[in-house]
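Look at the two complexes coming up: chain A is in both, with chain B in one and chain C in the other.
What follows is the complex of A and B.
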């Protein structure tokens, strides 16, 4: 009983912080989501409108498009980051001159603020002044123009995200790889397993929790990306890069439609949870169940 | 002996008097003494006039009063985001917020701002002797309520002008080539037809001669509101479509069917004209906002263009940033033949008079000290240097300052145009739903720019979307 009290007391600050900065704002967002509230409308009052905001978003083509684009963005960005991050982690496991230096250089993008990343990429990709259009034009005769071509703009947002966040994946997987025991690998080699078999049957199962945690983190980040993309494309051309985070920002700030923006936020949170849960079931729970039988 | 003792007595008397009577300094140090050590926070867009406040006026004010002023200069979107959040949540972080003349109506509707005129009347001890509201240009009217009280100290005011390259326009070879091709003299355009001809000529000239030169600028970003603004505030008015084509006196009608003009014939002609210009403008135009249009002109990549006046000074005079120093001409934007007459007759406007003010949020925790700072930046004596550093004029006396007159020559009469023809330009219409209608219609506008929807059909859709949003907001019955 006494130890329980001490435990609760120790937890109290964390619970208080979580309550103030996490739970209370979330409850408020939920509350706003069930209201029609545009403080800059003719009537700035908050009016309860039941589930109307949620009904509205089912028929909102802009919202549905933004969800589709976000899924596409998250799929390509996260998958590429995991693959590239793993390869780089393997590379940094090996001994080579200047390894420490390259590891440090590699992590530099992580310390750059997203808004700066977006600005720099915009500078690099603007026709007439950017280095990337210049090189593409001179080397391949290709005119890159993110203001006109939706595919190019989408691809660039993915590449920018990969550039910014792959180091995070590398660091996480590098830590996981360094923590692995040597014995299973030696046993596999003695049993005559080749590199591919060792990867699929020894390495991958052992670092799966680290991969899963990284995928969750990156997936959540990718689903709510705003600032980098805003700086690079402002959501354009048209709606090609108007990802759902940007869509919510536009609904809540310039349009000041707080009720509807809150409803979309709640749905996006729900979708994120569902996606993470599905991933967990697909990659971990099913295997755990198999192992039990 | 008597003389010596007389001097001694006089010196003693002076000594006694100076020790008894408190030192009398100027108004600023006296008024600021009470608030010494206070730190004022302001947020504004990173523009030349704002940077001048941050770099020059704020330190000067601190020196005189002991009140520290921290000005945060950030992007247009961030500035609004932060200011609105702060005032909405009543956190009181900011003592000063930048108010663009289009957002003021929304802020007033929400009672976000302090009545500056009334505050100074209520507490005369805060009133600076050098500050006089009547010295502001008529642009200050945008920041007043129905009673004529001021809610923001004007800090920038400029018009969006037609800039052209005098070196190109005065080049005899180019003049000859133009004459040969069009049968006309190469002079700044007065009509849309003339402007299009010049733009087409220079784009072709640049291509034929292997030059990085195009005929016109275009603020035609395909995902940023800058393009929407260029069309509705700079292009559509020159075709006779005012106030975005929305008739506030007719139940906020936007569509022609209901009495609006957003999808009228004039608007449809305007968008086709502008889309053609966009197509013959430099490739960066599809990703250009107001800033990039200025840099495109400054880089010598265009022969002419519509450029915000705040950029005109550095484009025309700062050799570190501009390749066209000394070669910048200024003119009124081209119009449809009848529009200029209509505007001169007091109906409508032919371009955008942009500007902003510093307002004092009611949530500020340092209202009195902020009122001092706002008067400091509003007094006549600080205006000329500010007007030279950034081409903005908010006080009538500034026009006659010798330094400003000198700069006017370098800018080929930009200040004179502002003074004499500023009346032909206008700010945004007094709509409190500015951002909401823009955001409701902008996605369709971007589709027009990308060719996903035709211009006629797109404007029809935009007019319908505007009316739906106005209804949703409760303005349209």
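What follows is the complex of A and C.
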């Protein structure tokens, strides 16, 4: 009989590292969140002010809109990535010449640094010098201006995110599709099920865990996107693409309002956690149910 | 599906590849243009290639240093993360540890934190708290290697666990009955079977560490400065040197590209995120 001590020993380094670099900073941020602290302001000392920071953020219109924008961004980006990623994964399931080559090409956006992604998209889309506005004007007579139109800027951040992260979704879903057993499909075909029925009743239930896990990782990352959007739009025009990560950054850095920034991040972390927890419960519940059958 | 022309798929993928490649192509276009040409009317194709940006970047000793730092930090982090995640996933998968599912979930919460605010505690941790005499974590490669575990280790544990769970328990039980030690089981049974999963974990964590920007920008100054941070130094208050920046960006893409192309085959085999195993 192997003892659990070995198991704990194997888990120990992970717990230690994440404890030091995860829990200690978190406790510190939580502590700061209950203080008024602007080390570069008029009163540089940390002053305990109870839940004032949290009270303040309920009435902070900028914060609330940034949360709303972030949710909207995460929703559209992740939903499109899952749909598109699934379609592309299905396309990769077929045999055709050059499949491996195209798969490598499709994976490329994944390896580009977020800060580079943002810069390139900015250069491509800036009015007057960008290639995309130029082509759109010449070919379709459409005037693209991300500096002026809020909806355009928002859409563009979503498209950029889709470009950058769909490959990851395609890879995870492709892995899931490849791991599926063949028999249920053959059986369904024998039973005369059409493609749509096979998708809803055979494929989808079986790859559901993989879809949920992918949504989980993507949602979490979409909610804290900063670098790319910052490089592309700097949060503008106005505050149309000032996602919550950017909002926090603005409060912590240019304004050095650490206490308030800490309070916001605690709340954002909490919201992300709740959303992910719900997804995780859905994920685990499914797995448990399978086991009891 | 059967009966459909495979050339149709090739055509479709050629089109999709154009969309995928365009921003990367454009990055290259910017990198081989003299600064003055960037602000004239854009044209889709290049009529002349100007290599000066690459000559400048590759001739810059500081930038070469940053690249070496990036290489050491991302490789060190990827190896450390993969080893730790392998052990952790084995423990989570095979032992009946109290509260292990909560630990599993807790690991991922470390990836959810908004980076901007954690910069300050990290900064204090690196400059004030973890110090031994004159030695600090600030601006050290080892500091960055450890720090990147906060977002890479959870990701690795989450990608690797289905792979380990998917290896039949009977295999290691049989080996244990035959007298193999835990180390032997890990080394001779689990490791070979988990290799595709480990390869993916290694590569993706390597890429994430290689591309990280915000933390590196705050917690390093020279000795551990990474190339993404070096790249941002070309965005200055007096304007951006897009050409040099794009050239660095193109250069940083190459190692990742090579690794990805080499291991392409294994990537999908290793990413069985929660796939059903009957």
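Observations on the structure shown:
FYI, the second predicted complex is superposed on the first by the 273 of 293 C-alpha atoms of A that agree within 3 Å, B and C clash if a C-alpha of one lies under 4 Å from a C-alpha of the other, contacts with A are read in each partner's own complex, and residues count from 1 in each chain.
Basically, contacts are C-beta pairs under 8 Å (C-beta built on N, C-alpha and C of every residue); 3 or more make two chains touch, one makes a residue touch a chain.
None of these values were measured; they are calculated from a predicted model.
Of the two partner chains, chain B is the only one touched by A:62; chain C is not. Of the two partner chains placed around the shared chain by superposition, chain C is the only one that A:110 touches, whereas chain B remains out of contact.
Of the two partner chains, chain C is the only one that A:28 touches; chain B does not reach it.
In the superposition on chain A, contact is made by A:11 with chain C only, not with chain B.
In the superposed model, A:241 makes contact with chain B only, not with chain C.
Shared-chain residue A:253: touches chain B and chain C both. Of the two partner chains placed by the overlay, only chain C lies in contact with A:268; chain B stays clear of it. In the superposed model, A:129 lies in contact with both chain B and chain C. Which of chain B and chain C touches more residues of chain A: that partner is C. By the touch criterion defined above, A:75 lies against neither chain B nor chain C after alignment on the C-alpha atoms of chain A.
Touched by chain B in one complex and by chain C in the other are residues 129, 253 of chain A.
Considering their complex, residues 1, 4, 6-7, 9-10, 12-13, 16-17, 19-21, 23-24, 26-27, 30, 38-39, 41-42, 44, 84-85, 87-88, 90-92, 94-97, 100-101, 103, 105-122, 124-125, 129-130, 146-147, 149-150, 153-155, 157-158, 176, 182, 207, 210-211, 213-214, 228, 231-232, 242, 245-246, 249, 252-253, 256-257, 260-261, 264-265, 267-278 of chain C touch chain A.
Residues 2, 4, 6-8, 10-11, 13-15, 17-18, 20-22, 24-26, 28-29, 32, 88, 91, 94-98, 100, 102-117, 119-121, 123-124, 129-131, 134-135, 163, 167, 171-172, 174-176, 178-181, 206-207, 209-210, 212-214, 216-217, 220-221, 223-224, 226-227, 244-245, 248-249, 252-253, 258, 261-262, 264-265, 268-269, 272-273, 276-277, 280, 283-284, 287 of chain A touch chain C in their complex.
By the touch criterion given at the top, residues 38-44, 62, 126-129, 143, 145-148, 150, 230, 233-242, 250, 253-257 of chain A touch chain B in their complex.
Only residues 77, 80-81, 84, 88, 106, 109-110, 212, 220-225, 282-288, 292, 295-296, 299, 301, 432-433, 435-436, 438-440, 443, 446-447, 449-450, 452, 472-475 of chain B touch chain A when the two sit together in their complex.
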